[in-house]
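You will see chain A twice below: alongside chain B first, and alongside chain C after that.
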Partner chain A sequence: MFIQTDKLTHIYMQGTPFAAEALSDISFSLAKGRVALLLGPSGSGKSTLIQHLNGLLKPTSGQVYFNGNPVGGSKAELLKLRRRIGLVFQMPEEQFFSESVYDEVAFAPRNLGLADRELDHRVERALARVGLEPALFTKRHPFHLSSGQKRLVALAAVLSLEPEVLILDEPTAGLDPAGRRRLYTLLDDLNKKEGLTLLIATHHFDEAVALAEQVLVLYKGKLAMDGSRNKIFSNREELVKLGLALPPITEIMHDLADSGLPVNRDIYTLEEARTEINNLKGSGKNES
Partner chain B sequence: MGNLPESLIKARELGYHYVGDGENIYPALKGINLDVRRGEYLAVIGPNGSGKTTLLKLFNALLDPSEGEVLVEGISTVEHDKIPMIRQICGMIFQNPDNQLVATTVEEDIAFGLENLNIPSAEIRQRVVEVARRLRLDKLLLHPPHQLSGGEKQRVAIAGILAMRPRCILMDEPTAMLDPAGSKEVLQTVSDLHKNEGIAIVHITHFPEEAVFADRVAVVNNGCLVKEGSPEVILTDLKLLHEFGLIGTPAVELAALLRNDGFKIPNETLHNRELVRALCSFRPIN
Partner chain C sequence: MSPSITLGQYLPGNSLVHHLSPRIKIAVLIILLILLFSLQNFIALAVMFALVLMLLAASRIPLRYFIKGLRPILLIILFALVIYIFFTKGGVVLLRIGSFTIESEGLRQGLFVITRLLVLIILSLLVTLTTTPLSLTHGMGYYLKPLSKVGLPTEEIAMVMAIALRFIPTLMEESQRLMRAQVSRGADFETGSIFRRAKNLVPLIVPLFISAFRRADDLALAMEARGYRLGAKRTRLHEDVIATRDWAALLFVLALLAVSFYFKL
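Take a look at the complex of A and B:
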């Protein structure tokens, strides 16, 4: 398995009166090239889990594996790991510190000690991958970009390390519908055309769910659900108990099916729903 | 209402521009004429960068207009000595709950605004307790704010405003950082304040399903007020919404596609239940 955890447990401030178990006995795996959603209410442990996957935290017990090898060990090994697993934090543009888009995107690969020409190449490629024309953007001040462009620059700053895995924490927070669509189209391309493995932690999964193959649900530090998208979203009652809801389009299909219409519930996009509902025309049911 | 003006907030020919690098001027708002009526729930929608947040900051005297004026209860926001009064009338809630809580306990945080208004401590105490009870925060009064959930943090921010007895709450994407339960908690709280206490709400949002609760929806694009109307009119006008990169609720979007395919669905369909009802009685037209 590409990414795997085995009985991963994390206790913050262990041995003090403030000890709090953030993750308890988490075992899951994610295959190479997959897209997984990580769901769960605030405080369920999503951010803690994410930080374990690229070695930012050390397990209290249990183990994380990447590509079959245990995560951890020397600082050099951890740095190598973080080149392969890119982490995009929540509201990443709040951490911008450079005077130009070039410096912002070049920051991480520059620390690898790359030659100038290779660095230029990395920055240009990363910006092009997020759909920002390098010639138009490298010299601009990151603070003067639109919110959507800032988010894309933040993503380019992670892609400049050429990672194989992207882990994203609430990637569309604060973006308008057009910005959200643009970001998810981009992530879909990175996955389908370039084979990046994606793990997306989010509360607003209307768009993300169209990409996902696997869904993990954390609840109070435990892995409450893990399975295919269809399996997880067939269980509306359980999701509601865990403080979650169905994706909005799926919810409409559940409502229709519950009202007695012969429609499939495993529907996640508008176009899928349109096709499925149009099938009613030929089904004979509800026809005069 | 006595001789109070009919509008709580009045924006007249309002414009604002930011000054960027060098002499460059970026117009953020132009020629806005918009009133917030007493006790109304107004949703403001528009793409990123359209000027929504700038508008809210002008309402709250966080920015001075470059052109035109904003009157809050008849007071112009450029009368800087009246700013404490303006902010007492209109409190503001921001996107990120962590950026607006300042004190070490919930109690002190709710009291913060009152302390700055020079209110006697006995009365502060009384108002904090009363507000906490109304928002069901009484058990959390002695907790440090950083230990609360996102929804609780936003409710503490609302409580701090409520303690100042405002007539209006301005909210800038208050649920962007919250989980579904937290979002529901905040929207329910605000909706109750609007319905039961007649507090006016101005709510900026990117989610059409949140704007559905408003009495009126205003659409802002490229610094201009493009259109305003009831949620039934604005939120079902997909041509308008799509033109500005916005979307309708899933029910509105799906209904539009299905109408093209010959399904009969009422034009004012906003919610799932209306769509489901229409589809369950569907008979093909041919």
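Take a look at the complex of A and C:
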């Protein structure tokens, strides 16, 4: 398995009166090239879990594996790991500190010790991958961009590591609908065209769900559900119990199916729903 | 990078010491410090040390918090002891190494000074460990109030202090988050020369400042929206009530001070 955790437990501030168990006994695995969603209400431990996957946090007990090797060890090994697993924090544009988009995107590869020419190359490639024309953006001030562009630059600043896995924490927080669509189209491309493995942690998943193959649900620090997307979303009652809900489109398809209409329940995009409902109308006419 | 307890940070508890009014706690601390520095008698100091240890036990705060708090000043304590032992002469010669002598007066004074330091630190830690920063600020604001007669904006000073204290944990959390984010991008905050490390801090400090300024703006706006005006009279949700036990504590330490003055201890 590509990414795997084994009985991962994390206790914050252990040994003090503030000790709190953030994660308990989490075991899951994610195959290479897959897209997984990590769902759960606020405070369920999503951010804590993903920070273990690239070795930022050390488990109190249990183990994380990447590509079969245990995560941890020397600083050099951790750096090597972090260039393969890119982690995009929540509101990543809040980390900006440079005076040009170039420097911001070049920060990560520069930390890897790459030479100038390779650096130029990486920055251009990263910006192009997020759909920003390098010639137009490298010299601009990152603080003067629109919020959607800032988010894309922040994503490029992690893609410049050229990781194999991209882990994103609430990637669309604070974006407008157009920005959200653009970001998910981009993530879909990164996965389908370039084979990046994606893990997206969010509680705002109506759009993300269209890309997902696997879904993990965290609840109060425990892994409450883990399975294929269709399997997880077929269990509406359990999801509601865990403080979540079906995406509105899927909810409607479930309602239609429950009322006896011959429709597919596993529908996650407006496009699919439209086709499905049009088919229904067609078959209805044929009968009458 | 694991989150750790800040030195002297408030620890929630339910002891008598926790429940004392902050105003009284500050007064008691000041009186005990006056007592501590006026005592000249070794036995009286030992009695006071024992009393402070009893207070420490009454607070029911685990001993390791005090030990942790003492660690940074251990060097100063040892240094003071060594200076006194070697350089203060008088009394009986206890040990002779070449031309150096250790004499009983030096040992006595050295022990006296370090006991004083220990009591000082334990008392201060006892106050900060058992009082929330907010009530501590309110307590101090109370004693500053007379200064408002000479034009000092004491209410505002107390507010500034309260806000500063309130945001320390927030900023600590923020800096930790930022640190992890930049470490994910390959940043290194732990190795290299001092200059290199200072330069490496830029990716941490710039975003931290930006977010602090943004927070300050938001806070100012939110406070004004809720009717905060400079110079306006403010009331408190939880009035600081001085109960019988508070008066008893105050009277007790005053009596100690009176006794020590009367007998010139």
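In this section, the second predicted complex is superposed on the first by the 280 of 288 C-alpha atoms of A that agree within 3 Å, B and C clash if a C-alpha of one lies under 4 Å from a C-alpha of the other, contacts with A are read in each partner's own complex, and residues count from 1 in each chain.
The criterion applied here is as follows: contacts are C-beta pairs under 8 Å (C-beta built on N, C-alpha and C of every residue); 3 or more make two chains touch, one makes a residue touch a chain.
As the structure is a prediction and not an experimental result, all values here were calculated from the model.
Once the two complexes are laid over each other on the shared chain, residue contacts for A:S42 go to chain B alone; chain C is not touched. In the superposition on chain A, contact is made by A:G174 with chain B only, not with chain C. Within the superposed three-chain model, A:S74 lies out of touch with both chain B and chain C [touch as defined at top]. Between chain B and chain C, the partner in contact with more residues of chain A is B. Of the two partner chains placed by the overlay, only chain B lies in contact with A:G260; chain C stays clear of it. Chain A makes touch with chain C in their complex at residues 12-13, 16-18, 51, 54, 56, 58, 75, 79, 82-83, 86-87, 89, 92, 94-97, 107-109, 111-112, 157-158, 161. Those residues of chain C whose C-beta lies close enough to touch chain A in the complex are 1-5, 11-12, 177-178, 180-188, 190-191, 202-207, 210-211.
Across the interface of their complex, chain B is touched by residues 41-43, 90-91, 141, 144, 146-148, 170, 173-179, 203, 206, 243-245, 248-249, 251-252, 255-256, 259-261, 270-271, 273-274, 277-278, 280-281, 286-288 of chain A.
Of all residues in chain B, only 20-21, 46-49, 95-96, 149-151, 173, 176-183, 206, 209, 245-247, 249-251, 253-254, 257-258, 261-263, 272-273, 275-276, 279-284 touch chain A in the complex they form.
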